[in-house]
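Here subunit A shows up in two complexes: once beside subunit B, once beside subunit C.
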Partner chain A sequence: MKKNVSQRGPYILLIAPSFLFLFALTFYPLYFAVKNSFYYWNLATSPKPVSFIGLDNYINVFKFTPFLASLRNTLILAFVGVAIELFFGFLIAMALASQLKYLTYVRALLIMPVTIAPIVVGFMFRYLYWDKVGFIPWLADVFNIPEPDEGFLGSKITALGAVLLPDIWQWTPFFAIVLYASIIAVSRDLIDAAKVDGAGQIRLIWSVILPTIRPILFVIVLLQFMRLFNSFDIVYILTDGGPGDSTRTLSYGLFREGLRNFNIGVASAYTVVMVIIISLLVFIYFKLFNKRAAL
Partner chain B sequence: MKMKTISKVSIYFFLIIVITFFMLPIIWFSTASIMPGELVFSDPPTIFFEPVNKAFYEAFLNPGPHLVQLFNSLTITSFAVLVNLPLSFSAAYGLSRGNLKSAPRILGWYLGLLMAPPIVFLLPYFIMISNLGLSGTKLSIVVVLQVVTIPFSIWLLKSFIDEIPFEIEEAAKIDGAGIRAILFQIVIPLCAPGIIVTTMFAFVFAWNNTVFPLILSDHNSATLQIGLLSYFSASGAIWNLIAAITVVSMVIPMLIFLVFDRYVVRGLTFGAIK
Partner chain C sequence: MKLFSVGRKYIAISTSIVLASSGVLLVGASTSNAAADCGPNRELNFVSVGDPFEYALKEVLPQFTAETGIKVKLTGLDNQTLQTRLAAAFVTGKSDLDVVTVDNIWIGQYYDNKWILSLNDMIKKDPTVNIKDFIPQVLYSISEWRGQLVGLPIAPYAQGVMYRDDIYKKFNLKPAKTWNQYLKNAKAVNGKTFKGKKIYGNVIVGKQPVPIVHMYTGLQAGQGSRWFKSFPEAPWDFTPNMASKENIRAAKIYKALYDVSPKESITYDWFGAGMRFADGDIAQMYWWTPYFYLVNAKGYMSGKPSPVVGKFKITPMPQEPGKGVHVSTGGWQVSIPSTADCPELSWKLVNWIASAKTQKAMGLVSKYGAQFSDFGRTSLYSDPELLKLYPYLPAQLKMMKSGDGKVSRPGMPLYPALEGIYGLQLNKILTGAPIKSTLQDTNALFTNILNGNLYLPYKGVSYDDTFANTQKLIDSLD
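== the complex of A and B ==
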């Protein structure tokens, strides 16, 4: 049934204020980025764009900033992070789904890391990673894992992993708890029927549980992938993108270009390239997996 | 369902390891706030010690440089939620009930805002705000926070409004009630739990947002978490203070999550999963 304008009017009026507000807050930055990506402008030397320079800023993004290294780090963080968090999150969710005694307390405690601001998690792990005397180096020593001379955060080999660990620590519980909620919602009848048909535990997970929770997986994997893709706070606190470029992410690189070096032109071009990459990734993700999603 | 003792034991064993892994960093770091300074980095790590509460005292009471930051965090977050709620509620209602063709696209765009890298917005906001002469003000942070808190609240609130049977409103409409009466006398009372849950999670969402204040605040408007940055190159004893500030900044979100435990999944997934 179609509604005429007078019926829809009040609803449009209800939606409009926040819509216009968000429209301004979204499209001003986009307009700003697109426009200034064609201008030479360093805020440290001029309060206004200086001159039109065509595509130079775009060339400089790749020539003078470690864009490809940052993209590589970002993608490693996002893919590896989501894979590890999803795997262990699912494992923990399955254990919780046994619904043994006392597990409700476990679940309530488990959510605690998620409640902490990422910047605070950064400080927490700075403390835990503290060279030689922190908890993690001490623990590594106990288990005979060699600590690099520069520390876990200071070595090019271990730094990216060391930046990923706090994220895994913070967000695996998110997967665990959301997946737990969806696993226990899988209908008992379905599981019993599969068992009567002789399905083992692995078969049960693969053919009954995973297909049923697929729409939920679609949502949370997307959310977490993007959150990891946007990694900034942790990098800022733990490594400042270093050593070298080994932990520089796209978000951190953009921060450096725009808000440390004040290269507005280059940062604007950087933004445009980044938005295109993200749109592409999300588009591919929807093309590949969007079947009966909850969204 | 009967389960073999051995598999029960192994599940418990696994979960004990899990809980240790996820709780230990919090406990370890938090205890530094009540540790005597010289024990903070000892080798091997100190486990038993005489607790002191000097760090909390120094950070928040005397001389208490962080008390004003605690106040800033509370005001910025509270105002962010206050601005956001009426806007979000009306939009959530309109999107839930309006039967608008563009509703899915609007909601998709809002979800996109929640997933977009905040850094992308920051540089233009930073310049816009200084052009307006509002640099470093709490107002600027409150306004900018809306770009994430409004979409978050709309999604979450809409999931609650969707659950209210439409028939009640239709009946009221047939009886001649206008949209305002329907909203204030039917929908808002029925949706009260949803509004409370959304308020609390939006509060946490804004409280834990550190990217915007990181760039937009100055020393007068810095939030609690940003206050930590003044100890950036810290070593040794100052970790007492850092841990004390951290503990205070963690308490509120943790309590909200514990109290609203039943809604945690829903809050974390913006209402997409109930």
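== the complex of A and C ==
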């Protein structure tokens, strides 16, 4: 039966404050960024927008900043980070689902890294990477992994990987916990039927478990990709985008333009470009995977 | 079946809740229109950078309250956070700050945007200032902009060389007067063993974007290189000069100094490099003058003596023959925000902090050992009590008097943006990027930024910002 206005009214009233709040927090900043991206506005020289300059700020995003290097680093962090965290998270989830003895205690500890603020994780790893005396250089020495003379954070070859490691440490458990919850929700009947049909462990995972948890995988990969795409805290604490531009990410570049150089016009254009890129990537992701992941 | 029965009472309650919450938000966001209390109960809100001087200042600040009855709330922030906090407060016009410390590289931005006050009139009216006691090169480098003194120095920094006298004696080296000699000294000892320890010839600051620029520009200025075609002399022409032969030579020397430094110094910031020298395996380094006392301690404000206490000497920065003497000078001053509610009270604090009496008291603070010798006043450099604690003061005075902060790091309004790019490019050179093309790219990036921010060509009003004009200003304020 179609609800009339008087029946829908209370629902609208109840959600109105939340909706207005969300609108204010999401759409207004985007509108602000789009609008000011067409104006010359640098707080270093003027408290207000000065003049309309068309697409100049968008051109300056590429001319003022190492945008392409930042994009490259960001995409590497996002794709490689998600792949590694998903792989190891899935392995841990499968191990937990096998209900091996004592692993239930591990489950409780898994949540701990996720509860730590990224900036604290950054500081922690800064000391772990401390040249010659940190835990990580010691561990590298134990496994005969050569440490660059500049240190893991000082070498342009290892710095990006060194920045990714804390993120893997912190967020792999998140994958593990979410995937564990979805794996144990897979119907026992399905698994038993597959075993009766002669399915081995690999076939079981590939043909039964993965297809069943695909909707969860779809969401969690998307969320983590977007989070990694916006990486800032760890980069800021560990390397400040260096050495050179080898760990500079888009978010770090945006931070520098907006909060260090005070160039609101260029920072706004930078924001819009980032929104376009991430929207494009999410669109492609949905196109490729969404219909097959429908609940 | 109706799931939800709507009554007028319910609609009224819901609407009231929404309106009430909006009202609370509006009231919370509104600003008070009450007149500022500039009386004896006023507490001054003072935000400072957390540099070493802040520790000494914290110890002496209660004396200001004892003398004047005015309370002071001091907040210390790191350099970058302070800049963001101040800019945000000033841009919104809702600053609650009464006194702030301002880096010399921010004064163009802050004064041209009318974020801080000129102190010319206050200085002229107040006979206790004794403006002529300030080292004029310090006032020129860090406090003067467009003929206005926009602050009084609380902690000026020059640059000088610290070298291990014991290592120099072992390897028959003499303090360098030129950069070639400085590099030669570093190469002569690099990799050698001294008292069972492997020695590095030098240590640099390599971290980008900001710290590396602070160290590099000391060398750049010494080579006679300038950032722009014409600045600070009028007419201003901000055509970048980063790929000049002087700067290319400076970059080659800096890269060569990195080659004789610990490789991890590419990640060292201000303190990281200083503490590496304090570890005892570095033969020499040039750096800001506060490190003359900081390296005596193991760790920041730890009070524990480092291995280099009594083993190093200080000498002026090397210079390139025929290029004049240009020592990088920077540091901090205390200024009054234009939004300060009670500028007269703020001035009381500013003048008190910059006074010879307070600066001396800061120099005598010994909570973590002798920890402050960044004096801007000439008289303090011959004070017997201070000379006992800081015997290098006469050498430091010479460094201050050779100061030319406007050449080494020009405090024009876009300096922070240019510095961010410059540091990135310099760091790239340390990672192996070709020097000439990287500096040419720097020029191109600078041109883009200056063009995009309407500084090329410069259409604003130029000011002939020379040392001679600053001396005239000082005379007029006396």
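As a working rule, the second predicted complex is superposed on the first by the 291 of 295 C-alpha atoms of A that agree within 3 Å, B and C clash if a C-alpha of one lies under 4 Å from a C-alpha of the other, contacts with A are read in each partner's own complex, and residues count from 1 in each chain.
Keep this in mind: a contact is a pair of C-beta atoms (placed from the backbone, for glycine too) under 8 Å apart; a residue touches a chain by one contact, two chains touch by 3 or more.
Values in this document were obtained by computation on a predicted structure and should not be read as measured data.
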First, second, both or neither for A:L77, with subunit B first and subunit C second: neither
Touched subunit A residues, subunit B compared with subunit C: B
Partner chain in contact with A:V266 - subunit B first, subunit C second, else both or neither: second
Partner chain(s) touched by A:D149 [first = subunit B, second = subunit C, both, neither]: second
Subunit B versus subunit C as contact partner of A:V235, first or second or both or neither: neither
Subunit B versus subunit C as contact partner of A:A44, first or second or both or neither: second
Subunit B versus subunit C as contact partner of A:R256, first or second or both or neither: second
Which of subunit B and subunit C A:P10 touches, first, second, both or neither: both
First, second, both or neither for A:F64, with subunit B first and subunit C second: second
First (subunit B), second (subunit C), both or neither touched by A:D245: second
Footprint overlap on subunit A, where subunit B in one structure and subunit C in the other make contact: 10-11, 13-14, 17, 43, 259
Partner subunit B, residues of subunit A touching it in the complex: 3, 8, 10-15, 17-19, 21-22, 25-26, 28-29, 32-33, 43, 91-92, 95-96, 98, 100, 103, 106, 108-120, 123-125, 127-128, 130, 132-135, 138, 169, 172-174, 177-178, 181-182, 216, 219-220, 222-223, 226-227, 229-230, 232-233, 236, 250-252, 254-255, 258-259, 264, 267-268, 271, 274-275, 278, 282, 294-295
Complex contacts: residues of subunit B adjacent to subunit A: 3, 8, 11-12, 14-15, 18-19, 21-23, 25-26, 28-29, 32, 41-45, 87-88, 90-91, 93-95, 97-100, 106, 108-113, 115-128, 144, 146-147, 150-151, 154, 179, 204, 207-211, 214-215, 225-226, 228, 235, 239, 242-243, 246, 249-250, 253-254, 256-258, 261, 264-265, 268-269, 272-273
Residues on subunit A engaged by subunit C in the complex (per definition of touch): 6-7, 9-11, 13-14, 16-17, 40, 42-47, 56, 60, 63-64, 66, 131, 148-151, 153-154, 156, 239-246, 248, 256, 259-263, 266
Residue ranges of subunit C touching subunit A (in the complex, touch as defined): 2-4, 6, 10-11, 14-15, 18, 21, 80, 83-84, 87, 91, 93, 109, 112-113, 206-209, 263-264, 266-267, 413-414, 416-417, 420-421, 424, 427-428, 430-431, 433, 445, 448-449, 452-454
